[in-house]
Amino acid sequence: MTKTLLITTPGQGLHEITDEIQTVVKGAMVNEGLCTVFIQHTSASLLIQENADPSARYDLERWLARLVPELDPLYTHTAEGPDDMPSHIKSALTATSLGIPILEGRLALGRWQGIYLWEHRKEPSRRKIVVQILQ
Amino acid sequence: MTKTLLITTPGQGLHEITDEIQTVVKGAMVNEGLCTVFIQHTSASLLIQENADPSARYDLERWLARLVPELDPLYTHTAEGPDDMPSHIKSALTATSLGIPILEGRLALGRWQGIYLWEHRKEPSRRKIVVQILQ
Amino acid sequence: MTKTLLITTPGQGLHEITDEIQTVVKGAMVNEGLCTVFIQHTSASLLIQENADPSARYDLERWLARLVPELDPLYTHTAEGPDDMPSHIKSALTATSLGIPILEGRLALGRWQGIYLWEHRKEPSRRKIVVQILQ
């Protein structure tokens, strides 16, 4: 079973999508299987991270922004705006697809794990995520 | 078939778990399929790396520790100790899940590839890894 | 269905393999399923990135080379040449396996996404990639 989700992001940052994915999993009525989450973009990515303390996600966002700053003189790919090339690099360093086991009809996430769409562009965007359930 | 492994790590570093995963694969008696390895934590991660020369893993550990040092003034998430925020960042830069094909009843790893649990916390920890076999 | 591809790379850089993977998918005659792409090496990796403007890939290659330079005094693993340890680190920061959903008999890639073998060694190499289709 495969479903494509359209997620609207308000701009740069980690946007939790655990509930959206969990809803697809429940709808599939699969007791045990594999859920693949795939983002169809190269300037946004996927991340499984702590969902408890927002300060961890805040630091993660700022740490990555410092590692991959805008306006780096190295960039030649600048036609699509100062946040475009950093977005591709941030995407390359994180995940485009995630495989998450399903157990007892639910994603087998750890107690503190949430699934995030990591938006790397500054403007609000509409992102397509393919969720697939195999058993 | 899904099995949850409990791995005790002695602290920071790359701990090989190839044999543990291979044992689950053998037990599943599947000739051809997919093995998904998923770690249920956000301060430890998974890595497939060279299993021949320990110096490569030693350098990898030190390189990542230098890229993501403790006590960075950027961090606001400091309540869980100086090694906690670096652990989340190191996790985000590496893998939470791995998909490895099974061929002829065994993981289709390359000759020099091993599977590692990358512990990013300094204290010994008990880590849960979900291993799932689909065919 | 599992197929092993042998890809010859001319040296360091991003080499597109979308067509090779798409050909395996078509041959499998699977309408809906999961394609796992797995590279059996630890000094080359896999990446899904923009396939439109080559300048994005050019910058990505140079950015990663600057982050992980050769001849870093930190390295102790130097016996296999100055580009070997950087290759392992670059591999660890990117992907060894990718899970890509198949929809209507084709990889469900976004409009601008291509699949790349990221060769991190300077010499031409022969790389083995396992492509597996489950449904």
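Just so it is clear, A, B and C label the chains in written order, and each chain counts residues from 1 on its own.
Keep this in mind: a contact is a pair of C-beta atoms (placed from the backbone, for glycine too) under 8 Å apart; a residue touches a chain by one contact, two chains touch by 3 or more.
Small disclaimer: the values here were computed from a predicted structure and weren't measured.
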Across the interface between the identical copies chain A and chain C, with over half of residue numbers shared counting as same and under half as different, the residues used are different
Mapping chain A onto chain B via their CA atoms needs a rotation, nearest 5 degrees, of 120
Chain centres from averaged Cα atoms put chain A and chain C apart, in whole Å, by 20
Residues in chain C with touches to at least two other chains are numbered 34, 67, 93, 95, 98-99, 134
Residue positions on chain C within touch of chain A in the complex are 32-34, 47-50, 53, 55-56, 58-60, 62-64, 66-67, 93-95, 98-101, 103, 108-113, 134-135
Chain B residues touching chain A in their complex are 2, 34, 36, 38-43, 67-68, 72, 74-77, 79, 85, 88-89, 91-93, 95-99, 128, 130, 132, 134
